[in-house]
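The following blocks contain the structures, represented as structure tokens.
The two complexes that follow have chain A in common; it is paired with chain B in the first and with chain C in the second.
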Partner chain A sequence: MMRFRLEKRPEPSKLMLYGTPVAAVVLTMILGCLLFSAIGYNGLRAVQEIFFTPLTNPYKWQDLGIKAAPLIIIGTGLSVAYRANVWNIGAEGQYIIGALAATSIALLTWGMSGWWILPLMAIAGMLGGMAYASIPAFLKTRLNVNEILTSLMLTYASVQLIYYLIRGPWKDPMGIGFPQSRLFSEAARLPNIIPGTIVHLGVPIAVIVALIAWFVMSKTVFGYRMRVVGAAPHAARYGGFSENKTIWLAMLVSGGLAGLAGMLEVAGPFQRMVPGFPTNYGFTAIIVAFLGRLNPLGVIVAGVVLAITFVGGQVAQTTIGLPDEATGIFQAMMLFLLLAGDILVRYRIRRISPEASAGAA
Partner chain B sequence: MDLTIAILVTVVGASTPILIAALGELVVERSGVLNLGVEGMMLLGAIAGFVVQFHTGNHYLALLCGAAAGMAASLIFGFLTLSLSANQTATGLALTIFGTGFSALAGASYSARPVALMSPIFPDLATHPVLRVLFGYSFPAYFALFMVFAIWFFLKKTRAGLILRAVGENDLSAHSIGYSVIQVRYFAVMFGGAMAGVAGACFPLTLTPQWAEGMTAGRGWIAVALVVFASWRPFRLLGGAYLFGLVMTMELYAKAGGGPLSAIPSELWAALPYIATIAVLVLISLRRDASTNAPACLGKPFMPSN
Partner chain C sequence: MPNRLELTGITKQFPGVLANDHVSFAVKPGEIHALLGENGAGKSTLVKMIYGIMQPDAGEIRWNGEPVVVANPKAARKLGIGMVFQHFSLFEALTVLENIALGMDAKIPSRELESRIREVMETYGLALDPHRTVATLSVGERQRIEIVRALLLNPQLLIMDEPTSVLTPQEVEQLFTVLRKLAAEGCSILYISHKLHEIKALCDTATILRGGKLVDTCDPKQETSRSMAEKMIGAGLKDIVKAEGRTFGPPKLVVNKLSTIKTGHFDVAVDNVSFTVRAGEILGVAGVAGNGQNALLDALSGELIGDDREAITIDGFGIGLMNTTERRRRGLCAVPEERNGHAAVGDFSLSDNSVLTARDRLGMVVLGLINSGAAKTYTGKVIADFAVKALGPASTAGSLSGGNLQKYIMGREILQKPTVLVVSQPTWGVDAGAAAAIHQALVDLAAAGSAIVVISQDLDELRALCDTLAVINMGRLSAARPVKEFSVEEIGLLMGGVHGSMETA
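And now, the complex of A and B:
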């Protein structure tokens, strides 16, 4: 019998680091095909519609852009935080609070016009997301309360805040009883950048945000600090990098970007606050951050890949009747396979010949 | 008096799934593994339990299949984190995302179809105006109480429990005196998965008699928080779970209307269990021995030098 053994690599493998995400996506297609065939769908067709139709059909490209934008913005922030070993998994909540803060500006300035309204909404969105992220940051640095649990609990609470506001104080007077806010005025809606499409200003902003983050993380002292604290906390302490300060920075960056994404989403596709606003972008962005290897450039690619599965999921729903939920399964499988492949970055597989293993025993 | 009894009965019902899931996670964490996939395993248990109950009408078989579904899911987690040393935090999150998606897919054709709730195991006493506080529950409530004691006994008084704690406190020492760290952790993770599955199955079988997407509504995460709150001790878990049951029951009564409770917006009531979780985590962190009870190897992959 052939036996295998794991052997630690002297250096993490660069090839495996960037090869495993690609392998994870390919394996997801193969396993997804088998899984959906097994439960009675046309598996091959499902994979084709989910992963390839959004790319081959030019009409779908605009959808890809607007789905990828929030994922890239939030994913970039999360990749900075996870690099520093700060586990903010409440980006969905910070995204929601950012959108609510932006909505409050849009409602306060309702009926007004002026170029300053959108920038003000963007600032409010970022501040909202930062403020919400500062709760877990404060509790973590002051009282050592686990940030995973607090940031997640705050997400559930933020959803209730939406319901409260749009059923009560923000309820649309013209909404014939629907729980939703007013439609934003023209000045509070994101402009389309390509006439005749739904592509809004958020799409180029997402790419710019990721590029800036890439530059900051790889070329500046700030980025170096975040990476060192995450990779070697003890060395970082000797180097004079305060751990608490890093936690604050990580939380504020990831919360602020999630808030910005929330503002762009509410001012772009939604143009009003509705009960269906939370669409789990904040959770999907966790997969984006990991698939992008916590590198903002990788996050751009990963954001597009996840956007493909969203758009493709909708295609498959209409063409072959695949339930919408299938998308989530493909996304989770991708993350599972990626995590499983991580071992190949640090270890290599060596075959042990039967004689050698007999000798060792 | 009647109202007090009614509230107490509801509290026990609402806290039972949280207690069961938290007990499972407690054992997992005592072995040194942090599985954040409880919510996902609960949802898988919920849909498995619902489907089996819907087609067979057998509640006990439904609970068992819920356990099996949770355990199967926990094996994915176990394989990735124990055999492949993958990051436990990320893998747990992936498991929750997977469980949410898979249960929604499997349950898509079952929404809004009613099933029968489990009936009390002492039908005669369950209608008694006072005694129903003690005897008015279906099987899971008693199972949860039994497991509190059983897990306490297992961890404190048995050899296997001692080994499990040793693996969680110092994996390298346990390894060097000949215990298989990975094997012990696999058993713990599978046990935690089965408990989460049963806990999830309790939702359609004992609380709301139907399947609804994401019906566990974050209770799995509250269970994870409760383990911290209880400083990894089974009996404290019991108190914590009933406390949360009380918060959730207050929400139900506030929504039903009447009394001073309804002056507070219903959305605030709905948010209260989550805010209470944060409050409880803060309170527990203020205690001096807060983290001293945490298993020393919690969340760290086992890597003997090779």
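And now, the complex of A and C:
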């Protein structure tokens, strides 16, 4: 019988570091094909529609852009926090609160015009996300409550807040009873940057945010702090970086960016607050952060990959009748395979020679 | 009578390094055989192959004349090979008896086990209460558990890996008595150490390794410590050059009634510690591991911040409330005991590790931006000045051997020319040549007017290096006195402190 053993590598493997995300995507296609074939769909078509049609069909590119933008912005924030081992799982909630804060500005300024309304909404969005992220940060630093649980649970509270606001104080007076806010005024809607498409200002902003984050993480003391706290907390303390301050910074950055994404989304594609606003971007961005190797440049690529699965999932729904949940299955499979493959970055698989094991008696 | 253990042509290749190159030697029954060598000479690899943790690539192991393959440690114990590791594998919350029972290959009823333990302890004079919790025991007592555990298997060969590095001089004497008695009964002992006077006092034969090769097998009683050391490092040994009749300047570091709060369950806090270090002075803090050394270092470095500003002063300026970064700016640098994960980040390049502690003192940060060029230049200087074996500033800290990483860390702090330097275990696990270089660098730093505190468990090191000495025991520090006024016995008694009195009680 052949036996295998995991052996620690002297240095983490660069090849595996960048190779495993690619391998995870390819394996997801293979396994997804097998899975959907097994339950009676055309598996090959499913993979083709989900992963390739969005790329080969130019009409879908604008969809990719606007789906990728919030994923990249939130994923960038999460990659900063996860670097420091601060596990903010509640980006979805911060994204919602950010959008609600931006909506409040849009409603307060309703009927007005001025260039300042959109920046004000962006600031409100970021502050909203930060405020919501500061609850888990406070609980973690003061009472040592696990931030994974608190940030996650707060997400569900934020969804209820949407329902309350759009059924109550923010209910659209012209909405014939629909639970939704007023349509934002012109000045509170994101301009399209390419005429004739749906590509809004959020798309270039996402790329700029990721590039800035990359620069900050690799060149500044702030980025150094995040990396050292995540890699060796004890050494970070020795180096003069307080753990609590780092937790605060990580939560505020990831919450603020999630809030910004929420503002861009509500002012862009939605243009009003509706019950269907939460679309799990905050959760999907967790996959984006990991698939992008917690590196903002990688997050750009990973954001596009996940956007492909969203867009492709919709294509597959209409063309081959694949259920909506298929997208989620593909995304989850990707994260699972990626995390499973991560061990190969630090370890390699070695065959144990049969002679050595034969002596074991 | 055949040799107890005979190795012929043992070779072991690791990626990029030949750890053992055709090593051959023999251990006779009842012989105490020293295995000597610097870090990285291949001692551990060799011993791991004898104990079945690794398999040799080539060569033969003979046991009592018969060729054997030692497949794993269990097989080794079955043959009659016992081993006491340098780092103990004990559960602190369990009792002595429970710990021993957990380590046995065969299930033995606890009553029978206890009577056998008591028998072994009585035979060899190893005083130990089987029902004490390990957390309450001194390091020497913990080592006794490991020895008892090995002796319960009636070994014919006992391997001891650096057994005295954590013991007081008195405990070392007790250990030697046990080992001599064992040898007299015919049990062979393979004794790994780099403390040459111990090998001279204890061992019958010494096998010296260098760079994976056997360089000599000699009788340590016919050799001097110096001649063995020179065989070990393959070159002449340098003495510490210390100017005679040095005078000390004004007080630099003054610690006044410093106390810390216990952080963990088995932690020892610093209790009302006061001392003064003057410019040019090296103060040694001796003590058995786990007596508050870590808390003392953390309290001085700023990792633990107290509530009294004046408890620690540099040049009269109170720094008791400052964090590590502010203290570094004030001129206090520190090196904790644990290298990887505390003094350095294993996954980071050496260059990035320089940013960890030198960024402010050496201007590596401008407006929040890290000047990686400056970090790289400084790291290159540390590597060159301290002869760190590394490919360059871009190598990760984790890829360096323990000794080389220590040289880098010491160099990183010393070249910042701190006003006050506090170091813990500056040469632990570092080879003799490198240790001499680190000692010299410390002496030179002091000569340039810095005040230095060296916390160490190695008495030889402290006696050679320090001007004044104090002993820490259970978090309390004895009064500092010139090192020449202390006898080894006196230091030993101070180190034993509370533990000693508990044993006689």
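Some observations on this one:
Methods note: the second predicted complex is superposed on the first by the 359 of 361 C-alpha atoms of A that agree within 3 Å, B and C clash if a C-alpha of one lies under 4 Å from a C-alpha of the other, contacts with A are read in each partner's own complex, and residues count from 1 in each chain.
The criterion applied here is as follows: a contact is a pair of C-beta atoms (placed from the backbone, for glycine too) under 8 Å apart; a residue touches a chain by one contact, two chains touch by 3 or more.
In this text the structure is predicted, and so the values were computed from the model without any measurement.
By the touch criterion defined above, A:I287 reaches chain B but does not reach chain C.
By the document's definition of touching, of the two partners only chain B reaches A:A340; chain C does not. Between chain B and chain C, more residues of chain A are touched by B.
Contact with neither chain B nor chain C is seen for A:T109 once the two complexes are overlaid on the shared chain. After overlaying the two complexes on the shared chain, residue contacts for A:Q62 are found with neither chain B nor chain C. Using the contact criterion defined above for the overlaid structures, shared-chain residue A:Y238 touches chain C, although it does not reach chain B. When the two structures are aligned on the shared chain, A:Q271 is found in touch with neither chain B nor chain C. Judged by the touch definition given at the top, the superposed model places A:Q94 against neither chain B nor chain C.
Shared-chain residue A:I329: touches chain B; no touch with chain C.
Residue overlap on chain A between the chain B contacts of one complex and the chain C contacts of the other is empty.
By the touch criterion stated above, chain C contacts chain A in their complex at residues 15, 55, 69-72, 75, 301-303, 323-326, 328, 334, 336, 338, 341-348, 352, 355-357, 359, 365, 368-370, 372, 396, 398-399.
Taken in their complex, chain A has these residues touching chain C: 10-12, 219-222, 224, 227-228, 231-232, 234-235, 237-240, 242, 356-357, 359-361. Per the touch definition, chain A reaches chain B in the complex via residues 6-8, 87, 89, 135, 139, 143-146, 148-150, 152-154, 156-157, 160-161, 163-164, 167-168, 283, 286-287, 290, 323, 325-329, 331-333, 335-336, 339-340, 342-343. Against chain A, in their complex, chain B makes its touches with residues 36, 76, 79-80, 84-87, 89-91, 93-95, 97-98, 100-102, 104-105, 108, 213, 217-218, 221-222, 224-225, 228, 265, 267-268, 270-271, 274-275, 277-278, 281-282, 285-286, 290-291, 306.
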